[in-house]
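Please go over the structures that come below.
Below are two complexes that have chain A in common, paired first with chain B and then with chain C.
Entry: the complex of A and B
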């Protein structure tokens, strides 16, 4: 498959990687529903998680249509093992407190906002259409996370301390978003994919502006050793997938 | 900057949605939020997720002055027997199609 339709296969892998980011982030966010600080936040987080799930579904459907034999969105979400997942490690790690979730969402949404904004001009019309739909959603996610980070960072001494701690914990996982080593260069050259490195400056510029306004200090860069895009994950992903995939694997082919 | 959620989850805000252009904002319910910006966002998430609106207002519930149930008789009953306030005492010409 790789030799005869390599370009197509790598494009499918690209779509799968973006979908995996969205699916895994969605699953982590859902853990907050019924446990958020307010019932209003339960609904907000639920909405955001559903937006991400919708993006993942569109990307999986498209990726599955590019491979031979074709795969369904369920094949890709439920019947791949940990090593086949291509999401960044940022999104898979345990939740921690609410500050961790909002800082992580801020980083993810800032990245997705710049990514989808550019991907909406992809030469691949399907990817472009998915990105054009998603960019409005992630712009709202980014705003939601920004509002919370501003209030937590510039709130009480306790909320400031927790948010700064969350930032220190998330920061090492940010640089993986901008590492394009896993991506076939031809995809970027042909204008199908967005070069991850090109997103670093706008994403960090946005994050710095928020951190500054939130009276939070940008941590020193100490990138974690990550290879989520190559399928090497932290311990957390296996546990997340166990829960996510349990029902589909216990009852293959079940429907509502 | 207003501090994040307190133990009560913030103050109460009344939410008004304009369902579409040309219609008035209608009260739809209330939400909790720490300040106006968060109130607008919470209202968006709770009350407009199924395309219910094109515009949102949030108003601090504490700022709403409501008529009291004790005053119901003096406020509203006097209108009950004044049928002449309704525009029903003249013929509408046939040529006028309302």
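Entry: the complex of A and C
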């Protein structure tokens, strides 16, 4: 129950939330570069992170153009504090086992694939154009993560055990993607935004198909208590932002 | 300015901008790549419209700078504005035939006709990305090749290897 209408997201805040998902996921992924299991995977993860960063930039540029006064993409990425970030907690969680990263990427890419597929038909032409571009990229990410999850899940007993463990750890954080309580219903009714709840069925159907083929068991639903879309994050986000924002904040106004 | 002069300026601007090379694929021009959308001249300023290949393509800034420099050199008394548009989204179908030939000559397998089964189709489809069938080795021409990595040296390429001549090569991803 919302007490004021200010508590629900405007169009700019909607674009920022989608951008924050992409930026934070991108930053977590690049931590793998030079540490991935194979050199080809360094390149793959670098490319996926770059796609996500590009999507975040387009969304920030657009969100910043909607506010008064306007804000730049750098204002939004580097000069907001943790509580102003609106990403889901799933993407900020610490890296660990490689299987964790691939399970998380599979979930994120499956979600973004369905989201951008629908957002490409938004009545907002800029959001539609960004989504039409992004949907092709995240489809590729989803396929990459799917191939890894199949290989690890249906691999050796050890890779199966670790991938199942990763799945158990990440599964409670999945349902936040489908929670639309933070979003103004008018944005969905006007056809600007996609109702997060409408993505749950197709995303879970895709994930179940992959898990089944990978001989992994879907964990019982026990959702974590999360409010990333309202700016309440896990401890992990602050550490991530410290590294991400350090250079820009140490040298305000610098360009490179 | 007479209409004939204006047409000549637009033509000159078009020629110099179309010759700008892609910084990451310097064997082809931005026109070959299909990212040059429009060149117009209004009130003494050349307006160039381009579109990115991938959302995060890091070459866009360099391409903008190269376009500005090309216009300054060819039409020193004109200003230049480079606009970026996202729609319609770039696809490998926008590569020109000349561009495909130049890529192949430089040892990069050009993309086939894209068959993206992703957007707008079955949401649980496994064939969510373009199928890559029988890519020919740009070195020896053999169709006996395999994908080494779905991601390559730039966002737009994948890494393949030829079973016949054992040479690795870049392949332009269908997109």
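The rule is simple: the second predicted complex is superposed on the first by the 247 of 256 C-alpha atoms of A that agree within 3 Å, B and C clash if a C-alpha of one lies under 4 Å from a C-alpha of the other, contacts with A are read in each partner's own complex, and residues count from 1 in each chain.
In this text, contacts are C-beta pairs under 8 Å (C-beta built on N, C-alpha and C of every residue); 3 or more make two chains touch, one makes a residue touch a chain.
It should be emphasised that the depicted structure is a prediction, and the values quoted were computed from it without experimental measurement.
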item: First, second, both or neither for A:202, with chain B first and chain C second; value: second
item: Chain B versus chain C as contact partner of A:139, first or second or both or neither; value: second
item: First, second, both or neither for A:150, with chain B first and chain C second; value: first
item: First, second, both or neither for A:113, with chain B first and chain C second; value: second
item: Touched partner set for A:47, first chain B, second chain C, both or neither; value: both
item: First, second, both or neither for A:37, with chain B first and chain C second; value: first
item: Per-residue touch tally on chain A - higher for chain B or for chain C; value: C
item: Which of chain B and chain C A:128 touches, first, second, both or neither; value: second
item: Touching partner for A:74 - first (chain B), second (chain C), both, neither; value: neither
item: Touching partner for A:55 - first (chain B), second (chain C), both, neither; value: second
item: Residues on chain A lying within both footprints (that of chain B and that of chain C); value: 40, 43-44, 47, 143-144
item: Interface residues, chain A side, partner chain C - complex; value: 40, 43-44, 46-48, 50-55, 57-58, 113-114, 117, 120, 125-126, 128-130, 132-137, 139-140, 142-144, 146, 202, 205-206, 209
item: In the complex with chain A, residue positions of chain C that touch it; value: 52, 54-58, 85-91, 116, 118-120, 123-124, 126, 128-129, 148-153, 155, 159, 173, 175
item: Complex contact set, residues of chain A against chain B; value: 37-41, 43-44, 47, 143-144, 147-148, 150-152, 154-156, 159
item: Complex contacts: residues of chain B adjacent to chain A; value: 1-5, 9-10, 31-35, 37-38, 41-42, 45-46, 49
